[in-house]
């Protein structure tokens, strides 16, 4: 079933996730594990951090989706990542790749390129990461992006076509593309960047939502980004109303989890801002 | 000294823990480390996450207790787990096993069965995990239980007798059994299941409390479960009183830590609900 | 440029950090990663947890500073620590060592001694850790100190001279010494010890601040300790004003992050208490 690009369809997807409670196997960096597991639980999914080569593939049998995030990379973990991605492909389970800090070191970039060619359903990164992965000259600066997301869109479209995947570029505006269509997500707040691993967590939510809408991973990804960004906006608004406590990333992190937990159709109907770019088809790029 | 099954005895145990400040060596999954360490500190114990084979056994010399949790398992960590359990046994330090997601993969189940046979003082899991460990057909679904805790009681009793240990089954009602006696703990709130690693954290608290009551690990385990559940109830009640912030697992997680920190005899005297099941001795099970 | 030992100079350093946004490569224990990354982001720095031998050295090329914390030690991680420290030395990037639980096991103590001799710019620990590292008899008790920080000052001075480094001893009063000068930091609150990994996080902030004041790592370390302690004081005061929620380490942890985020010159001008000890030069210690 194809999803529509509106609040009603996003609400439908949210309800579906809460009904299906997808079990998302997360092979992710150490920094992200606490917030990622809590946000998956809050939105209604079920997290399982299972990474080692001895069981990473086996676990896919009972999982609904797979997230691979290369944040705190090591050789041992790469083995588990490859096993899990291979199993997901065989079992036709959706899996999503987060290319954290692509371009930062040769080992990291090589690992990400290898994984990206294993056919993830979605790749989500910031502009620097997507540009580095796409082979652009833009050097990455750790996990924070030094480039605007709009700069990465053209490279992201090319990458999506080359790898036959969906590329999501986080930034002030988020872009989601399959190489042909480009969706713009106008949600979120700069405060989310002051909280560690919110990008990582978003990628895990994408895996959860895509598992509930396998016929339309493009729009499911945009919905996931809109809902996560909206939860961030709500969290910040709640904190601004507090009279006693300071209003900073510590408090917003707590409220982000609660906003994901309480998020419902009325929130989406009040504010949902995802649009499709009206662009010509990229006739000058080849679908190699 | 034997403990009584009442609030006064629980209060005595809590005071004793705060006086002795047991140093709990935790070999635990990555997801749980932050909340587990913070909850151990909050209740009055001292956490130390020391896992590698090179020092896991040596550290037992200065530790008061040991927790082994197999959440984010890998071959390297299993080596440290075995070393630490062996050292705990030689040094007669209490140790507790958390069989996270038993049944999910062959590697995991085999590892858990191996560790369970090394004579932990207590094994705490949800119903699915205990049933999987007991060899029942009940397939596990990641770390969330798909079975009710009451279903697992009979299997838990058998397991306790077979392994000469205490088995604690978390659920709507918690059950603690040594194979003969069955204690029921009527505490907690469903919200705790929306916060990652609260079960893991409870198991660490059991290790801490058992180290302060080594003559009566059965009742100490029930007291630990009651106090953790009660802290969860208090945390949720506090959050419900908040006027500004949303009331969800993010806020409850913060208040859970504070409730453990402020928990005292008056809380226990207000609400303590642990009872012993009046059942016949299990004459039909063999103590193999 | 040399820094002064006053609030104005601390404020200058804080502004400089927020302008330069130093990228701090953290090879740190699993327990600390979430709070460390969030506190680095909150104060204005950029964290990157990159640890494995395959990329730990390469990452130093784009990093501003390096933190090595041995909390959850293992052989694999030690390889990355050595690689990164070596790269930092070659590239002349400041790096800081946190000798968590020095003295607890032979493997741990040997590793810490090895790293300490690789010329870190600063070593920060509690009194037990510094005394253990200095070869004193004081046995460590996990990560909590059993000795007063003042006891460790003389040993710390000797250690600083022997290793040609700066030694910072955390405690009720913090001491920072290069072996000749001794600075006293009168900030912080006991509640910080009830929150896991606050000491680890402080060491990461020291790395960040030292990278912005490479000519004066001694005073930069004292400023970092003062600002972190002051943020803890502010966090506790905010929580004490709360009417609904309990006031414990859970809430203070959240407010600590927010206090680091909102910390500014006016906070420092209101309360900044760092003084230099007026002591004779240590004529009786040799600079071996």
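Letters A, B and C mark the chains in the order given here, with residues in each chain numbered from 1 onward.
Assume contacts are C-beta pairs under 8 Å (C-beta built on N, C-alpha and C of every residue); 3 or more make two chains touch, one makes a residue touch a chain.
Predicted model, so just to flag it, every value in this text is computed and none were measured.
*Asks:* Could you classify the connectivity of these chains, where an edge means two chains touch, as line, ring, star, complete or other?
*Replies:* The chain contacts form a complete graph, every chain touching every other.
*Asks:* Over half shared numbers or under half: where do the identical copies chain A and chain B land at their interface, same or different?
*Replies:* On the two sides of the chain B and chain A interface, the residue numbers are mostly different, under half being shared.
*Asks:* How many angstrom lie between the CA centroids of chain A and chain B, rounded to a whole number?
*Replies:* The mean C-alpha positions of chain A and chain B differ by 34 Å.
*Asks:* If I count partner chains per residue in chain A, which residues reach a count of at least 2?
*Replies:* 30, 34, 76, 253-254
*Asks:* Of all residues in chain C, which touch chain A in the complex?
*Replies:* The contact residues of chain C facing chain A are 23, 30, 33-34, 37-38, 41-42, 46-52, 54-55, 58-59, 62-63, 76, 234, 238-239, 241-243, 253-262.
*Asks:* Give the list of chain C residues in touch with chain B in this complex.
*Replies:* 29-31, 34-35, 71-76, 101, 104-108, 139, 141-144, 193-197, 244-251, 253-254
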